[in-house]
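Shared chain: chain A. Partners: chain B in the first complex, chain C in the second.
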Partner chain A sequence: MVRQARSEATRRRIIDSAVALINEIGYPASGLADIIERAELTKGALYYHFESKEAVATAIIEEGMDTILGAFRSSGRSGSPAMENIVHGWFVVADAITADSVAQAACRLLRTFGGFNPAAKAAYGVLEAEFAERVRAAVEQGDLQSNIDADAVVATVLASMLGAELVSSAMTDGRDLRRRFARTLEILLPGIVTEDSIGYYREFLARQSMRILPSS
Partner chain B sequence: MTEQADRRADATRQQILQAAAHEFATRPYSQVNLDDIVARADVTKGALYFHFRSKHALANAVIEHRAERGWATVEQLRTNGLSGLETTIDVAYVIAVSDIGEADARAGLNLLEAVGRFDGLQAKVLDVWVNGFAALTRRAIGEGDVVERVDPEQTARLLVSMYLGLRQTSNLDEPESFIRDLESLWMLVLPGFANPEKLGYFAGFIRRRSALAVKNAVPLRANNL
Partner chain C sequence: MVRQARSEATRRRIIDSAVALINEIGYPASGLADIIERAELTKGALYYHFESKEAVATAIIEEGMDTILGAFRSSGRSGSPAMENIVHGWFVVADAITADSVAQAACRLLRTFGGFNPAAKAAYGVLEAEFAERVRAAVEQGDLQSNIDADAVVATVLASMLGAELVSSAMTDGRDLRRRFARTLEILLPGIVTEDSIGYYREFLARQSMRILPSS
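Moving on, here comes the complex of A and B:
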């Protein structure tokens, strides 16, 4: 039991060390030797838990995406319209990324690996599937334009938001993520929401983007 | 008692509470028969009396059980990143939908009126609701959605009274008309405390929730078939 707890603590130290390095100098520049040194561990200890640098990256992607997907899921409420949950969901995701360094590193790693790492590929897939569910519900509830292609909405919004996250991360270290998400949605909304609903959702978006989440 | 026996006793207690909620939700207090509860819960009368010394004690337990669960839902909504007034409206609709479709919610509110009045339980439960809505209203004033001249306590009291009154004048077994009545009441009281500039937005907010609630609400009787 004690050994297991100690082993878990070592694994944690490796991940935390790698996360800090990836967020400071990027994945390519972070060598295994740097990760070991920062974690104050031996090479043996690292190899006991991870067979390679990419295995560390995979663990970070999985943990970070769990946080981000968990935030997205928790933002959906059955009593509110799906389109509200879509807008609200992106701000909850923004706040989750801002608050969590593992999630930030995971986002960087997703970009580094793209489809070449199975965990990264799977993460994009799950995000897309869960987002598509909300978009389809919004179509069904009549908030999206009737002739719209739901798959195209999913692809366009997801790509725009991931792009906004990339630029925010590159330009301001993620500090203006909320604002970039808000602006991107502002431009996208009129193309997808019905004329009847657009006024309401502009206001809903404006309110959401100004809100500071109460600490839970 | 061993841990296992403890767990079994707890499971039995839950079974009885559930069966009682069903009976109290579908019948007036005076017509609820302990034998029906015992039969529905599939326990002995002795087991029932081991956990609850009377029908009255059982009714109080149903009220308290529901009050706890109800507040857990509200706590969840409260930290969801919506404004004070948006949360207030969300809570109102969540209460209505569960009152329409969930036996323990319906029973809790039925009993609050029937038996809660006599030993302070009603005052205690309603106080929690009034304080909760008052806190949300105070937040809404700070956020500019509710006008400053409004007294949060009085607004909270009005909202609670409005809902309890609606339960008497409308029919929970007809979900669509109940929710439409709830919507009309909200539209009517909203200008009394909301910022006039935001009435249009909140009208949309309420209409959208009504439409969804009509779709989501499953009447209690259909639930039990």
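Moving on, here comes the complex of A and C:
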């Protein structure tokens, strides 16, 4: 058991070292040698746990996505309208990305690999499936426009939020992520929500976007 | 002059080789050795033109962005409303990315590097400035909602389209780019355009999105 704990600690140090480098200088510039040096480990120790730099990236994507999905899932309040949970959920995701360096690195890696890494490609599918559940509930609750294509809403809102995260990361290192999420939802809502509900959700969004502390 | 032409041809071969690899297996997996082998050149020839793999990436970003910006700029019709030029412009950009492998690779590299490469970071700024001009014209022409923040429109629409491109690339290798652009604009328009104009631009968008042939 001691050996297992030590092995787990080594794996953790490799991931933490890679995460720090990816967030500081980006994945392309983070060489395996840099990851080892920062972790104060030998090449052998790294190769015992990971067969390549991409294998480290895959582990980070999986762990970071677990955090992001966990945050989104736990943000759902059973008594609240699904549309509230959608809006609230995105701010919880923003806070999770801001607070968790592994989640932040995972976002960078998703973009870096796109369809070329199975874990990255799968992550898009899982995000879509998770988000689709709430959108379907919002449709059932009559908050979405009657003529709307729910799949188009899922794909478009998800892609728009990923785009907001991408630009926030490139331009401000993620500092204005909440603000960009708020602006994006502000412009998307009128194309999605019924005329009867838009006033309510606009106000709900305004209140959510003003919250400073991480909400969960 | 012969020497200069030959040197330019060598540089071209390096870029084309890197572009093909980046589009086939992604930037992280494309090693300098692979780029040289595919270009049938020596290491020396590559280092004569580029000091590093990232220098090749920078050249691709610059060339690809020139193509994308050129397509967007030339898509503007002086007699047409700015809002038409905005909608039309995005489809022209989609066609440019689909048709031009350097532009496609440049999009992948923008996402890979984000804020970590000066050319990638600059590209976001240039795209924003270019797009902002058309949005400002649409505001002046009274097609945008009176209470709207033009900067928020610019940032949100641009990020949403980049997000659509990102997901299209990851999930379908870019094959459904036009469709994703169309869906995104469909959902964004009601949050941007005045009630008086929305019917007209919805129809304009529907006609644009049905065009199959690249338009310029």
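One rule holds in what follows: the second predicted complex is superposed on the first by the 212 of 216 C-alpha atoms of A that agree within 3 Å, B and C clash if a C-alpha of one lies under 4 Å from a C-alpha of the other, contacts with A are read in each partner's own complex, and residues count from 1 in each chain.
Simple rule for what comes next: a contact is a pair of C-beta atoms (placed from the backbone, for glycine too) under 8 Å apart; a residue touches a chain by one contact, two chains touch by 3 or more.
Just so it is clear, the model here is predicted, and its values are computed rather than measured.
Student: Please determine, from the superposition on chain A, whether chain B and chain C clash or fit.
Tutor: After superposition on chain A, which the two structures share, chain B sits beside chain C with no clash.
Student: Would you check which partner chain A:78 touches, where first means chain B only, second means chain C only, and both and neither mean what they say?
Tutor: In the superposition, A:78 contacts chain B only.
Student: In this superposed model, does chain C or chain B come into contact with more residues of chain A?
Tutor: After superposing on chain A, more of chain A is contacted by C.
Student: Contact-wise, after the overlay, does A:203 reach chain B, chain C, both or neither (first, second, both, neither)?
Tutor: Only chain B is touched by A:203; chain C is not.
Student: In the superposed arrangement, does A:27 touch chain B (first), chain C (second), both or neither?
Tutor: It touches chain C, and chain B stays clear.
Student: Using the touch definition from the top, say if A:131 reaches chain B (first), chain C (second), both or neither.
Tutor: A:131 sits against neither chain B nor chain C.
Student: With the two structures laid over each other on chain A, which partner does A:90 touch: chain B (first), chain C (second), both, or neither?
Tutor: Neither partner.
Student: Thinking of the overlay built on chain A, is A:50 touched by chain B (first), by chain C (second), by both, or by neither?
Tutor: So A:50 meets neither chain B nor chain C here.
Student: Could you say whether A:111 touches chain B, chain C, both of them, or neither, answering first, second, both or neither?
Tutor: second
Student: Which value in Å is the smallest Cα separation between chain B and chain C when the structures are fitted on chain A?
Tutor: 21
Student: Inside the complex, what are the residues of chain C that reach chain A?
Tutor: 25-29, 53-54, 57, 108, 110-117, 120-121, 124-125, 149, 152-153, 155-164, 166-167, 169-171, 173, 180, 183-184, 186-192
Student: Can you name the residues of chain B that touch chain A in the complex?
Tutor: 77-83, 86, 90, 93-94, 97, 200-201, 204-205, 208-209, 211-213, 216
Student: State the interface residues of chain A toward chain B in the complex, per the touch definition above.
Tutor: Residues 75, 77-81, 84, 88, 91-92, 95, 141, 199-200, 203-204, 207-208, 211, 213-214, 216.
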